[in-house]
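Below are two complexes that have subunit A in common, paired first with subunit B and then with subunit C.
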Partner chain A sequence: MQLSRRSFFKIMGAAGASVTALPPSANAWKSKAPPDPYGCLVDLTRCVGCRKCEEACAEVNGLPTPERPNCQCIVFDKKRRPDDKAYTVVNRYFTGKLDQFDKPLPTYAKVQCMHCQDPACVSACIVGALTKDETGAVRYDATKCIGCRYCMVACPFEIPAYEYHDPITPRVIKCSFCYDRISKKGGLPGCATICPTEALTFGKRETIVKVAQKRLEENPGKYIDHVYGEKEVGGTSWLYISSVPFEKVNLPVLSDKPSPKLSETIQHSLFSYLWSPLALFGVLGALMYKSNKNQGEPENKGGY
Partner chain B sequence: MEHKAGPLNKKFWTPGVLVMLVFMIAGGISILARFTGGIGYITNLTNARPWGLWVGVDVATGVALAAGGFTTAALAHIFGKHYYEPVTRPALLTAALGYTFVVLGLLVDIGRSWAIWKPIFNWNTNSVLFEVAMCVMVYLHVLYIEFIPVVAEQFKDRVNLPGPLSVFNGLIDMILKIADAILDKIMWVFIILGVVLSCMHQSSLGSLMLIAPTKLHPLWYTPILPLLFLLSAFAVGYPMVVFETTIASSSFNLDSEMNILAPLTRITVFLLGIYMFFKLGDMFVRGTYTYLLDGNYQTNSFIVEMLFGVMIPWVMLLFEKVRNSRRGVFTAASLIVGGVVLNRINVFIVGYKPPLSDNGYFPAPGEFFVTLGLIATLMFVYRLVVTWLPVLQESKEVPS
Partner chain C sequence: MIKKIIVFAGLILLTAALCTAEIWKAPDQEKAKERAKEVVPFIKEYKDDCQITRRMSLIDAGISIKNVQDVYFLLDSPVIKKREDHYEPVRFAHKRHAALTKDCTKCHHFRPKDENALETTRCSACHQDSFNPDHPERIGLKAAYHQQCMKCHQEEAKGPVDCKGCHLRNVPDHKNLVKLPDNADPFQVTAECLRCHDTQAEDMLKTAHWLWKGPSPYTTGHRKDIMHGKGTTALNNY
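For the complex of A and B:
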């Protein structure tokens, strides 16, 4: 291999110049959350497990009718997850609470995409098929998706589902926060409009957080003193309040750190303006030049 | 070097090759099934477990084991240790084939294979996977370019296409010669680029899991996971070369290259030592050794990985006697290779356990068929290439 002095310094110079010209921005990680998103509160003490939200969701989103729509019995025998046919499901949990006759009291919990403020799925998506909208909705664009399923690996709530049985054009499936409806003035998500017990309250997230806190204050002893989703993974658009510990209804204990913070910090401090690869290129180039000069004539026949 | 690389000119169809064919056919049938019935038809992947055997082995392990390519290129060409040049070609071939099969594996695994080009136009620079994909894509082409001189060397002045195609002989010969001449001048750019790209994506493969702290077992989840991935790629490069060279030279009956392999293992003691230092140090700093005696399959898998894949081979290689025996070097190298394979499998499959909805995962037969089929095809092509192109060192015995 010939390493001509001139071409070597030309390319090395370019690499070096771009390193010094564009120093790595020492910027700390910043949240990309929208300033005034919508939110939805789930009050688990009010939910009676009627599963009307499941039905409404299926209807407004053109999904198949939920399994046994009017059943509040055997559907609850197994724990269900949102899947490629349902954006949301309600599960029943017996957490050890008893009523006045010492019979176990059920707690019902609806589960759907939390529409995180700094969503792991959005950060992870290789092509940006998932985006966080100003409304707070985390939207999915199937035309960009390549089906790598990294969003599913990343989501701390294990929400995105996949159409595993479609061989050519499978999609990622998850609650859309009824973007088409809430982006219009006065629009409400399908599930929140139907709830007969007002267990679901939709509004601006800021307002919803206050509503939740007020309920905690006004009913001392009734609720666990925590608004789930206010701080978890940097905050979510969907919020929960409950009288039973959240981890008992499959709402995981999570840190307040936004999920993408660590990986994005590492990626950007190493690769913004490609400074570290360029620097490495420069160092290796210098080494190569030196070692080839020291060896006298560069031996090339044995290698490349 | 006394002898130079040359085509093997040996019999191609051996019983081993026929076994490969059987695996290739089984893999082919499974791939057909995947593209008719969907991924769910032949895999045990679920919404909780979106990545399984294919990502863990075909992609993550494939990339790690192709590390021999950039580590030998760095040693021989960048650090100027030309003594090691005889092993750069086989390592380059393994890397080029390895990455080709990583991409083939990805094509089977991703849901919309036909959309694999989309990341080129839709950038998400926050995504670790985006960076990995870009690096792998560029690096694959760098590897192909690095391989052109090998092809040129064999066919320069003797391009001989059959039948009517022979009118192109002159043209192709010219193209080969021009490419070879140009490449000779600028190959250093590609060699350095290859090393830089490798460092980038080898480490970033480890960053992939950083976004899922609740899913990966704490024995593996650490903020320095990318560093550990990079260090283990450095450490496995030469053992992989030892591993494949030993197998190739014994199955093709070539001269053993102990004179080169033995010193390579001395470097390995150093590189593996650094990896071990960080891996154990990380465990002590984060205090995760408390999990070691849990006795479940995850922690046991970690213990096997550390003990047999890192510590035992490292201690073995400390002994001069082991380093100078063909058996000893091969055993240690195999253990290290196995250790890195297990590490990637642990990070992407065994250690991965989504707490809310996990239902356990064991790969379905279809997944094994595809993976084994791809590996068999890789070996088949390797054999094909070394039979007809000057990759391996010519043996002294008269070719049969």
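For the complex of A and C:
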């Protein structure tokens, strides 16, 4: 196939036009994190595994009472995760730490939605059922949800659960950060209200980060020198400090880049003003036009 | 006739005396209850001394266990009640703890910055409501109690560390919870209890009370049996 001078200019013109149509600013990804969100610090050295947070969460959010609410023994034998009946669970880990009598010391870790600053679930939701609120809460609107469960795939902490047992009106279930309570002045999440040892500290995220860093500074050797969630996946509203490595209490090692950054950059630069499909179909059209012009006429004479 | 009147008058006098008689209350318990209701002004600034300096300054001020006035406190406050009310307050034997630890600074770990203030302050002066935005690092009263008690009990391997070791559970008023017809039969009553207490019922099915057999570590001659009881090897012995 030989390109004529004329068709070469046609193709190049079309390609050039589509490239100039792409505004350069669309490439730069911007965080949509709220400026002054609330946060909650979980100090794993303070948690005693009483599971009152589970009980309070269920009570506040109208969920079924947790399994054996006063038990601190057999419930911990298996690792649990937040499911369609619980927004939060406490797990027990033996990480090899021993007390003065060489007895293994347990570390308890509460699990719930981390309420990321740039949540992957919100980015993945195709109908806008999940939104990041000014308070920092990632809110879920069951009326908009179509049940695609992309949020469950997208979440780096594997938090959202689904009501698989309900065939008609299933919902995605995850911690709401007690949005209805914290959006009111002086309101606290159910779990933080009840925690007897203040292993949960609630406040503005900015303040909470400072409190966490101060605790690390003032107790050298007690904590791992890292505030989990300060930078992970671009920052989360729930933060953890611990005396044992975070991966040992099932908090995954994650990069500091917000999860939606890569996917949204690709999506937004490829599909801004629909330039890429336009360019593709432009090129295809030009090729078809050219090949028809070159080969179409003699074959048509053959009686088709 | 006169006898009857005398007896009748006597009865009336007796009932009147019973009605007016006050029920005796333990004075220190009443004092503790009143004290627990107080909310004292918040101490914003404290003197950041180390424990050894604290001990020295207490010796210098001549404060020791002999100065302990209050025998016991109720660890309760409107500050805690404001947030939640699930357990009965702990009865804290102040004098006893002081005598056992022989060290006031274990609990009275800091003092107010104000030089005129007392050397030992009550917990609720510095530790009040949780998550105070002006003092974010200061823990609340409930957390201060729990951290202090549990830490020491664990370190000393003495004293309870579980909830019910110190607290009585606030039992909700069952008057409105229990729904039974008049003259309910025993089965109806049991079924009504089981409506909420199903886990307790299941637990009961695993005990010797239900199985009539089980381990008998305190029965002479059967200490090592694991299935001893009327259900297997024993007979009633009335």
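Keep this in mind: the second predicted complex is superposed on the first by the 268 of 304 C-alpha atoms of A that agree within 3 Å, B and C clash if a C-alpha of one lies under 4 Å from a C-alpha of the other, contacts with A are read in each partner's own complex, and residues count from 1 in each chain.
The rule is simple: contacts are C-beta pairs under 8 Å (C-beta built on N, C-alpha and C of every residue); 3 or more make two chains touch, one makes a residue touch a chain.
No experiment lies behind these values; they were computed from the predicted model shown.
**Student:** In the three-chain superposition, say which chain, subunit B or subunit C, touches more residues of subunit A.
**Tutor:** It is B that touches the greater number of subunit A residues.
**Student:** Thinking of the overlay built on chain A, is A:158 touched by subunit B (first), by subunit C (second), by both, or by neither?
**Tutor:** After superposition on chain A, A:158 lies in contact with subunit B alone.
**Student:** So, A:294: does it touch subunit B (first), subunit C (second), both, or neither?
**Tutor:** First partner only.
**Student:** Taking the superposition as given, does A:267 touch the first partner, subunit B, the second, subunit C, both, or neither?
**Tutor:** The first partner, subunit B, only.
**Student:** Applying the document's definition of touch, where does A:48 land relative to subunit B and subunit C: first, second, both, or neither?
**Tutor:** second
**Student:** If we overlay the two complexes on their shared chain A, which of subunit B and subunit C does A:196 touch? Say first, second, both or neither.
**Tutor:** A:196 contacts subunit C only, not subunit B.
**Student:** After superposition on the shared chain, which partner residues are touched by A:208: those of subunit B (first), subunit C (second), both, or neither?
**Tutor:** After superposition on chain A, A:208 lies in contact with subunit C alone.
**Student:** In the complex of these two chains, what residues of subunit B are touching subunit A?
**Tutor:** So the residues of subunit B touching subunit A come out as 1, 4-5, 34-41, 43, 45-48, 50-51, 74, 76-80, 82, 85-86, 88-89, 92, 110-116, 118-119, 122-131, 133, 146, 149, 183-189, 191-193, 195-197, 199-200, 204, 207-215, 223, 226, 354-357.
**Student:** Within the complex, which stretch of subunit A touches subunit B?
**Tutor:** Checking each residue of subunit A against subunit B gives 1-4, 7-8, 11, 81, 83-84, 120, 122-129, 144-150, 152-154, 156-158, 160-170, 250, 252, 254-255, 259-260, 262-264, 266-268, 271, 277, 280-281, 284-285, 287-288, 290-292, 294-295, 299-304.
**Student:** What does subunit A use to touch subunit C in their complex?
**Tutor:** Interface residues on the subunit A side: 46, 48, 50, 52, 56, 68, 70, 72, 101, 188, 192-198, 201-204, 207-208, 210-211, 214-215.
**Student:** Okay, in this complex, where on subunit C does subunit A touch?
**Tutor:** 83-84, 86, 130-131, 133, 136-137, 139-140, 142-143, 146-147, 150, 157, 161-163, 199
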